[in-house]
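Next, two complexes with subunit A in common: one pairs it with subunit B, the other with subunit C.
Our next item is the complex of A and B:
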């Protein structure tokens, strides 16, 4: 319990540090939401100064930080000048879409990576291992951006998958089964890109962990005892190889909000990504800060979850 | 570590070819990157055919013109009014092949320069932290944790967000290098710190210290050389990552802007997906980046000596 409390405290301090740093940076940066108005001759300097004052931008920095932090803690996540509303309702809808996408992709990627990695390690040095490795290396060299564009072009060309958005027109009159099918067909393309992007990294880690376990003396002993291969691999070696995988899993939980930004933008998935990009283009700093803080918090939470899980699973860590 | 030198050759040759092509863009490209052929927007790749062993290029209007070699300081070209577009043209009638070569300059150079910046920063800070310890070490480690806590790409975008959007191509180029390189120093710094921390306990370092060597000399002569393998491996990891970062930022409209080509802003035209479906040759930069990244990947594998690929 003391371990958990310490780790939690650590994460909190980290989060506060990040918030200070990013807030400071956002506010020291040249230009704000009203800068674009200065080029418009119809808007006088006094008007802009008045708008700035109304938005509280003329206050000293510590006051603004306190106000912003309070709004963060209240759950408003700051006030977006571009949308003229608190940030929370803006991001909430988008977060659901993003989590649906990344959650599905992460789940599928792990579901594929574990058996693939084990299979590859079990055939270590053989042609199957080499073939899989070559394929994964090639896949690793294809960035998400390229994958998304090419698959998108393919989907448009063949018409097999719908492009852009999360639902088709006529969503309201569909029954439950048709709705599920509709969402899945929209999900297939962006989720497919993400899965292909994650797969090589995950599989390599699973393989490396399994190889290490396979070479350990206890694996040799278990084999000598006549434990069947399948049981040996899944029952004895997978738990032994699990430690780095748990950390990696925590990390992939942590990136649920941030991993899909680019893919969302390219494939037109209405998640956080396009919103974030628009906020950057419109210099809507409250929105940018909120998204950065949320994804940082999730990343910290993912790492924390991984550490706690490790602590529970592995007695060796508890002793230290 | 360097047992199998053969594994170094394929990636090195591949990467050398890419860099040579990009450096020699002025010679290899038949047109300037900004030269517009307004009559031929979205022209498909020119057909080349041989007549009596001489190559002819078919212009989009259907006439064929002989391809001439080594004229006007270019490797090849066609006398006007003929045109030759090896990879077609974009919406403004600019030769995609030429822009691919010139654009590679921006993308590759950003990767190299930003990686250099990261590595210099990382090595310097990591060495100081590891060698002297104390509060600089604490500051570096805590600060680094802060940077690592942020998702990398978000950090990149956020920093870019807080800086001016509308700037000239040269400024944008410098800004990109500064941002990408300035954000990425944490990982190399931590790795270098680890090596230095272990390295300063070596017998020969202690001995040199015993003979009265000062800290600057010790660092330069004995400790820094130890960090070389780590820095080299980090370079092979960082350069492709940074090239991709440049491509992505320019793709999103946050990097180098028109008319200067980069692989990213060339691909930006692909954001309208109907364009890409009808004019597949616009995907050229996307295709070009794959073997480049593969080259770096294989090099990194060969360096780390793992049996990752065949």
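Our next item is the complex of A and C:
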């Protein structure tokens, strides 16, 4: 209990630090939300000054931070100048799409990575291990952006998958099966990019953990006692290799909101990514800060969850 | 283009604005009803509130749901009747009396009247609200006065005589008083008509009304059954049942969606994308068109603010003229835009046919002529490097928007052109708002390569650009009064043309403004990009225009020649 409380306190300090730094850096950036209006010859400098004052941008930085922090505590997450609205509802609407994408991709990636990693470790040094390693190295070397562009080009050329979005026009008049098919077809491309991006890292971690377990004395002993190979791999060695994988899983949970931002922008997935980019480009700082804070909070929560899980699984940590 | 006449029933004169429906019949228009048009917007609209909408995507959606009193036809660039079926101007040119259409209704079925007009302009002009559009209603710095003189008649009193004042009404959406007045009275108007407002609570006088909004994904608009336009066969417009405004997320995705057939129309594409789309057009069943140069112009602005501490040679006219002479504008057109742009000899683009001074041709690029200009200004060369009259090496930077590849490429080509004169140029791409901050606030720049777009063909909305005290006077935004005699002359001509009603006289004055600008070169006009658009071949009445919105400005007139499978007529 004390361990959990201490970790929670660390997370709170981290969040306050991130909020202070983010707010400061965001406000150091040249220009503000109303700067772009200055290029419109039909809007006078006086009107823009009035709009700035109404938005409180003429207030000193500490006053603005206090206002923003109060709004965060109220659950509004600040006020978006672009949308003339509290930020929270804007972000919640988009989080569902982001979680659908990253949740699916994370699940599929782990689902593939665990058997692939075990299989690779079981065939350590053989041609199958080498072939898989080469393929994973290639995937690791290719940036997500390039993967996304290649898949998008394929989708446009073949017409097999829709380009961008989450549903097709007329989705609301489709039956349930058609709706599911429609969402899955839209999900395939961005989720495919994310899965291909995550797979090499996850598979290599599973493989490395399994190899370490395979080389341990208890594995040798188990083999000598004639325990069947499959049982040995899945029942005895996989739990022994779990510690680093649990940490990695915690990190995966923590990046559910942030891992896909760029891929969402490139593939036109209507999650937090396009909203975040638009807010950065438009200097809608309350929206930017909300996404940063939520991502940080989730990252801290993911790490906390991993630590607690390890605490529960590994008696050595409890002793320490 | 189309001939307008009032519906026969409208001849019934009524004391009230209610009564026989005063439809606007487009005599040359025909089409068939039904179907859905899908259009991929770059991002999602931020608001449906016309008073505060500042971004083009929100205005795009609002424009389909709202209507104005007098409208500028984007194709002819001339005004035409809209909610006001006619208007008269007093002899002194300061009073506009507008006769409103009778018997027409908002998209929720509530009647429209002069009260809605008065309410709308009261809101736009309210100093407490700071609507971005307010300044347009302040000719001469004072607000227009609006009054109701009958249920179907309103008068606008201008503080000064203002040429072509009827153009002011374009883009001012008439608001439903019955829905928005309570929010206005309680000071909640800024929050009204946000993205989470139920569709039924948003109403307008435009061709479509909001049916569904899925934030971040799409807006579905449906036909407004009370719309006030009809075709020659008496079919009430719009022809389309629905418009699906799907949100692409980026300009690249807009292009991909159009290319893959998921979007029926594309508003504007870059030259590189145009080449790709053109190649695929036959196979994929769409057409792409180059409409020629539009209302946008890209220029190189010199920093002439003496207090900014920039090199003194920037303020020498001979230097600026030499830079202009050395730049090969045709190369910019060819290499950056693949031929889809026009070289400029004046900052008024050729797309603005009524106001461009056609006698001002782009200069023929000549290194020798540029050298002669520099020599006459006291510049010298040493070891191939240009020295200013004080003997200092001539070097300066060009700042431009890092997010715009075309402009970065142009700056690089200019850098190469000026190298032939012995000038060292550094190209500094900056994030867009950082660029604006330097040009408009800190004035820490030597030259800036930027694009501006005329929102209207008329010169009056550009007063802020050319007047010395204007906020968009980019070569010196710090000055409050003309610092040079030629700037004083431009101020005088711009003020004068603003009040003269006669087009020919105004044109002569505006030509003079352009000539003075080209003589003193505070900016070097470079190119005006062509408007490149595309649409499915099956789309009827598609008449893209040079003014924004280029493709969907006449959305109420668009129709499908053949409906797609499963679409209802």
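By definition in this document, the second predicted complex is superposed on the first by the 311 of 320 C-alpha atoms of A that agree within 3 Å, B and C clash if a C-alpha of one lies under 4 Å from a C-alpha of the other, contacts with A are read in each partner's own complex, and residues count from 1 in each chain.
We take it that a contact is a pair of C-beta atoms (placed from the backbone, for glycine too) under 8 Å apart; a residue touches a chain by one contact, two chains touch by 3 or more.
On a predicted model such as this, the values are computed, not experimentally measured, just so you know.
In this superposed model built on subunit A, subunit B and subunit C take up the same space, so to speak, and clash.
Applying the stated contact rule after C-alpha superposition, one finds that A:159 touches subunit C and leaves subunit B untouched. In the overlay built on the shared chain, the residue A:143 is in contact with subunit B alone; subunit C does not reach it. Look at A:278: by the touch rule set out above, it reaches subunit C but stays clear of subunit B.
Looking at the shared chain after the overlay, A:255 reaches subunit B, while subunit C stays out of its contact range. In the superposed pair of complexes, A:42 makes contact with subunit C only, with no contact to subunit B.
When the shared chain is aligned, no partner comes close enough to touch A:228: not subunit B, not subunit C. Touch criterion met: A:265 reaches subunit B and subunit C at once. Contacts of A:89 after superposition: subunit C is touched, whereas subunit B is not reached. In the superposition on chain A, contact of A:217 is made with neither subunit B nor subunit C. The residues of subunit A shared by its contacts with subunit B and with subunit C are 29-31, 152, 156, 163, 265-266, 281, 283. Subunit A contributes residues 29-32, 35-45, 47-48, 50-51, 54, 82-85, 89-90, 93-94, 97, 152, 155-156, 159, 162-167, 169-170, 172, 264-271, 273-275, 278, 281-283 to its touches with subunit C in the complex.
Within the complex formed with subunit A, the subunit B residues making contact are 145-146, 149-151, 153-155, 157-165, 244, 247-248, 251-254, 267, 270-271, 273-274, 276-277, 280, 283, 286-287, 289-291, 293-294, 297-298, 301, 308-310.
Considering their complex, residues 14-15, 17-18, 21-22, 25-26, 29-31, 130, 133-134, 137-138, 140-143, 145-146, 149-150, 152-153, 156-157, 163, 204, 255, 258, 261-262, 265-266, 276-277, 279-281, 283, 285, 288, 291-292, 295-296, 299-300 of subunit A touch subunit B. By the touch rule above, subunit C contacts subunit A in their complex via residues 36, 38, 40, 43-44, 46-47, 49, 52, 54-55, 127, 130-136, 138, 190-191, 194-196, 212, 214-218, 220, 244, 246-250, 253, 256-257, 259-262, 403, 432-434, 436-438, 440, 452, 455, 461-465, 470-472.
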